[in-house]
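What follows is subunit A paired twice: with subunit B in the first complex and subunit C in the second.
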Partner chain A sequence: MTGIKIIPVVLIGLALLFLSGCWSNLELENRAFVSALGIDKSGDKLRVTAQLLVPSLLGGGQNRAMGTDPNKKNPVFIVETEARTLSEAVDLLSKESGRRLFFPFLQIIVVGEDLARYSILPVTEWVQRDRELRLKTLLGVAVGEAGEVIKAPGAGLERVPGYFLGSSTETANNFCSRVVEGNFLKFIKDLSSRSRDPVALRLATAEVSDQKQARISGSAVFDGYRLAGWLNDRETRGYLWITGDIQRGIISATLPHGESIAFEIRGSDTEIKTGFVDGEPVVDINIVMKSAVNEVHNPVVSLASPRDLDRLEPLVERQVAGEVHAALEKARRLNTDIFGFGEIIHRQHPAEWRRIAGYWDEIFPLLPVQVQVKATIRRTGQIGSPVRPGKPE
Partner chain B sequence: MRKILNMILRRVKEAESNRPRVPEPAVGRDKAQGPPYLTRDLDNNLKIIFDIAGRNPDLIVRHMEINLPGEARRCALLFLDEMVDSELMGSMIIEPVLKELPQVIKSRRAYTSLVDVIEKNVLTIPGVRQFASVSEIIGEVLRGNSALLLDKENKALICANRAYEVRSVEEPTLETVVRGPKEGFTESLSTNMALLRRKIAGPNLRFDQLWIGKYSQTRVAVTYIYGIADRGLVEEVKKRVSRISIDGVLDSGYIEQLIEDAPYSLFPTVGNTEKPDVVAARLLEGKVAVLVDGSPVALTVPRLFYETIQTPEDYYSRPYNSSVLRIIRLFFFISTVVLPGFYVAVVNYHPELIPRRLIITMAGDREGVPLPLVLEVVVFGIIFEGLREAGVRMPRAVGSAITIVGALLIGQATVDAGLVTSSTVIVTAFVGIAGFITPGLTDIFIIIRFFLVFLSGVLGISGLIMGILVLYAHMCSLRSFGVPYMAPIAPLNFSQLKDVYIRAPLWHLTTRPSFIAKENRRRMKEGLKPEPPEKGNNSSRK
Partner chain C sequence: MFEGSKISSRQAVFLITTVIVPTSILFLPHMIYVAAKRDAWLSVLAITLFGLGVGDIIGRLGRRFPGQTVVQYSRRLLGPVLGGAVGLVYAGFFIYINAFVVREFSEMLVTNYYKETPQVVFVLGIVFVAVYIVWYGLEVLTRVNDMVLPLVLIMLGVLLITSVPIAEPENLLPVLDNGVGPVLQGAVPAAVFFDETVIMLVLISNLTRPAEARVAIAKAVLLVGLIQLLVVVTVVTVLGTLTENQLYPTLHLARHLRVGPYLANVDPLILLIWILGGFLKVTIFHYCATICAAQLLGLSGYGLVSVVNGAILSILAVVLWEDAIELSYQISRIIPPFFLAVQAGIPVLLLAVAFFKRQGVTAGDRN
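And now, the complex of A and B:
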């Protein structure tokens, strides 16, 4: 008796499983992986250039064995669409590529200079609102057209140009300290802060081994949603010194007799103190760093005792202070508080900040900043003093 | 599921009951057949026996005459061809009866019963008993003993000279160990009991013998250690085993399927092993074993889930490696069940979970593969199971050929031809190999795997998790002879976990598992941890 009832119930259950379809089930071969996206202003429309992966040119196994030399053929496919809004343009991309776009592996979104100078609001809005986009995606501003950067076929040691930009940023962040973090998370955090102005990556194209290749050089400074100007490599490092984001890297300095010497940064700590003198804000930047001698171009320099190393410390300190001042100078000229000094004053002196907050734009370009660098040199690499020629000259 | 099965079974039963009944054949034990006891006439006795046992060519009668004073007493030796030790029979039965007996009788004037004299003064064979019941005599003869029947006597002498071809004690094929005893049970119950006796020589090892099978008359021994095993458990096992009324028991698997707690469940609730040391260890934990004549596989109850990730070697080698291996076994057990489903769910629903470089390679592989991923996994899984089955069934000589064809053609060629992605091959191969790590559950993996793949293909990760929850809830609901299947994990008994995921040092395992052994729980003296002599309270030096 129960059996008569049970069978239909089971059948209905099975039918439910099959007829309801498979929500968001999509085979891998029906997805288009986006590696980089360029967004330009074109009249009053937005032009989107997408760099899509061609998996059959990238995959392992049988595809690699089929005889196509992977280095000969570009493993990406470039599509362009235009629309009034970004989401519509991205929607149109699916039509052009024949597959559903898939964004979680998107490395970088490049904004054209024109659009950046106008406003990058559509980009941040879309990135934050869309479910598939990650805030860890990098944000870059192209010198000129973003489309050109996306189309550049050079990919360094990677096979996909977009992924080269991602790995280049990551490596530069960790081992060379000449590139800002540059992801949307940081950008949006700075953007929404009361006084801090955001910074993005600056991208340009160059000819690298007979191919046009996009590369990161310096950073782009924003004033709210609008591009205000650029920082070059040296200024970018100055910016990193102030924000305390320096990791590893080399500093070249000059010895008293004019020869070059290189130091390696082995960790640093930045402390920013603010105060008020006669009711006017002042900022003290204290940088404490450890370094090691990496290369000496003068054979008579002695590195035998700790005192010898102490004598080299001012060389590093002067070099770092110079980088910091360069960044400060550029920021003052662009009148953008990319370092977040306002925020620090707000935190350290909330009462006074309320008084000056309204005039911060006028105060910042003239803000007196004291830079103090204390460097210690502890190591000299595998040898002490440079080897001197045994034969008298 | 169970309801449907029940319904089908009921239908089948109804159909059977409508069929005309076939009269059952006569059986030796049937009380209605012939007189129950021997008469004093040899010819009549033989006739009775042959009426019941049939005139089979292997049932041999050796007619003899004993020269007693004043008469030549006829007697007959009844035995089965090739089931007795004929040399023993000649020297210890026939020779004494024909040569010694006349002299013994001559030397003593009076005797009460000739049968008594033969048993006590003449026969030199060790095992001799007197029987009067026809059915018992037939039973003993059919089991391979010889029966000596005398004219004018209503009792027969049963001589235990059973000897038949038995496989020698070998290393079991399934449960192999590197360290530890390597002997395995054989098909002979007597050998198996002896093997167990050699492990546990104390007087408390008990074998309660039962006869199961209307026609097969199979000897079944319910084995336990008196004083450790719970009395209730022993009684329950005996009750369940003796309830069985079946025509024949050809392997312990018959008993297993007729005494288990959850006959509809995928999970086995009766353990089995081919190793005497494993049975001994379980008996010492308080479990009960069932040995069946003709089967080299002993059953042990209760069987708990964690036995799956245990091996005898865990206890024979030092605890660190054993503990790590147990965790690895658990990991492989989980992966062999879950991985195909997880693979389908992640690739089809959540490709963002896969590392970037890997997903590109996988996407490249997927180009031009004809089947959707779910079907690919299912079809390839079935192919793998088929190859495995072929590997078990095929003759040894062609084994390597099939392996090469299976591994090379099915694996490499299908990938090269673009019929299947290499990642699917890797997943299937890994899952297949991982399944062998827990041999106790290998036969249920394929069903669970496909169940989870199906759910994952339809509902993604949420489907997979639903499936796992259903499975786990089911496992927690099972019981094996009154003990929760997942004990001591669910219900959680923290102190008992010392021998589940890890194997604590031997000197720490001083008590038997509390959920098996109820009363006699101490297994080892407290404080046996080896220590330097000056620190220990009474060292060997004293």
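And now, the complex of A and C:
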């Protein structure tokens, strides 16, 4: 009987030896949480600026969400290192911070303008190859130095500047359709596509309530690995119309007498058709959108009958078409097919694409693009026509 | 019949599925995509057809010799020398292919999750479990599989369903842009996976109704083909061109899934599928290798053979390949013709010999 029980007892005893922890465990207090990372070119080397969370300053309390408590320090610690490769620089960060870096909370990687104009390859390489990084991390390009963006202490309503950039992008994506998707997944997908050029977020710093703060404004257009130029806010919106990524948002347009009117976007659908005329490719963009009147600056405008709404539709349509043309114009000037027109031609006309693929760079800037916008206005909010003064003028 | 266990046809379907699915969902999308690009799903259809053909031959062969494994009837068909050689080939083949699987298993874990754990820990861990289960026979193995496979399939289903919202079907267009050539090229390394029905050369001897072997194999190949088709379509529609330079695209897919604010970071699911399915796959191959070796040596028991085989397997898994790239290079470029010869070529020859020598039971054909 004892003979049978010896083996289980020994096994259980052995198991106890391993209960103290996992093989390569690393306690929370020995890790440094990275919230944002900036990468600049500095001569032949790469300079990495990391924004690390300081857990003791992050702790609970009433003011957790509000970064306005004057007694609380900014709960981040900035470290900078320089090395020839990105991995080495990140390695050195551990030495500078005294802790092993931990990336799952990384919100955004910001690349300096100089490095972006030179080549973004080191960044995509590192992000793809490393097992701890996720491709859902955002990619931004700083106007000027990425280090400046990372060091800017302003954090909006968040406590951590990096988190502000993350939430700002997400909100802008979902509720006002002003910024591109901006993550590495999309970027690398477009980069590896045969004809589509990738787009990233554009970041700049500005003075916000007495603090320098990083903010997203527009987008950065790449030609392969290199930064080719920028899209401003209006062009970014145009880009989103073409790629069909507009969700919600407001469009301001001009009434016939010069006053302003605002429309709310209530969903849109973009269809791109390609074809060939005399052997040359042509592109038709059809945008169908639903909208509502949100604000009218002229009391005389009547919103009483369906006909009144019909009359307003061209105003939205013209505005949207204007944004789309602005984006098209900029993309043509930079000669970057950020909309993936080439890819769509490839899909819709594989045989013809084979013929023109080699000359796509020469064709794209001169590509004829027809833009058709069909807007329908369904609602006018809680009131019909604007309120008019009761007393006679 | 050598080892007394009996399994039903349904259980055989489950075993075949477990042998193919876990590794193929992880490695195949990349392997096929490299050659076939967005037509990868057509390659899957092609290999499913091919797998059906090979499976049918194996089924016919097994039905002619109920209760016997390939080691036994190849002797009867080809005589002691040539037949013995065939038995040796299979005993060696099952260990060799298993060494690949064990190494893939540990390589995947080390690359993606356990960077600092020595490889040998995973190799020994999985081989130990395999030896332990085989010690208790096929019936135990089969019952474990009956519990685990449904779990694996449910987890895979969750993964696929949650990817639907981020899929971009246009990634599949244009179809057949570069003709049929690349599609077939992509199918070649994948065929090795789909011909792992070769385990039935051994397992048919344990079927309660050997006559149903052909149907069981066909069902299993169709099931696996369907699963693989869904996985490849999902990976390509979600990741698009990214599939090409990701070594483990399915894992990547899992890492990026996010369903609203509720469900995120589902990649541990892949890890679970991989560990549960991977260990059963290794165990099944180990069982086949052990039975083949024991019968070849004319032993009446196989427990000791299982242990010795396990030791050989562990050593091979560690020493055969220098690094991960060598491993995947061999699997996709060098090995396929040799494996296909063993998985499909030899069974065709054996069946031809049996047919012309009028050997084995042919009653099933007449009834």
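Observations on the model:
In this text, the second predicted complex is superposed on the first by the 363 of 393 C-alpha atoms of A that agree within 3 Å, B and C clash if a C-alpha of one lies under 4 Å from a C-alpha of the other, contacts with A are read in each partner's own complex, and residues count from 1 in each chain.
As a convention for this text, a contact is a pair of C-beta atoms (placed from the backbone, for glycine too) under 8 Å apart; a residue touches a chain by one contact, two chains touch by 3 or more.
All figures in this text were calculated on a predicted structure; none of them were measured in a lab.
Of the two partner chains placed around the shared chain by superposition, subunit C is the only one that A:R347 touches, whereas subunit B remains out of contact. Partner contacting the larger number of subunit A residues, of subunit B and subunit C: B.
By the touch criterion defined above, A:S119 lies against neither subunit B nor subunit C after alignment on the C-alpha atoms of chain A. Look at A:S94: by the touch rule set out above, it reaches neither subunit B nor subunit C.
In the superposed model, A:L185 lies in contact with subunit C only, and not with subunit B. Within the superposed three-chain model, A:K136 lies in touch with subunit C and out of touch with subunit B [touch as defined at top]. Of the two partner chains placed by the overlay, neither subunit B nor subunit C lies in contact with A:S217. 23-24 are the residues of subunit A that lie in the contact sets of both subunit B and subunit C, per the superposition on chain A. Residues 23-24, 128, 131, 134-136, 185, 188-189, 192-194, 346-348, 350 of subunit A touch subunit C in their complex. Looking at the complex, you find that subunit C touches subunit A at residues 111-117, 121, 170, 173-174, 177, 239-242, 244-246, 252, 255-256, 258. Partner subunit B is touched in their complex by these residues of subunit A: 2-3, 6-7, 10, 17-18, 20, 22-29, 31, 33, 53, 55-63, 65, 102, 104-105, 132, 163. Across the complex, subunit A is touched by residues 3-4, 6-7, 347-349, 351-352, 356, 359-369, 372-373, 415-418, 421-422, 457-460 of subunit B.
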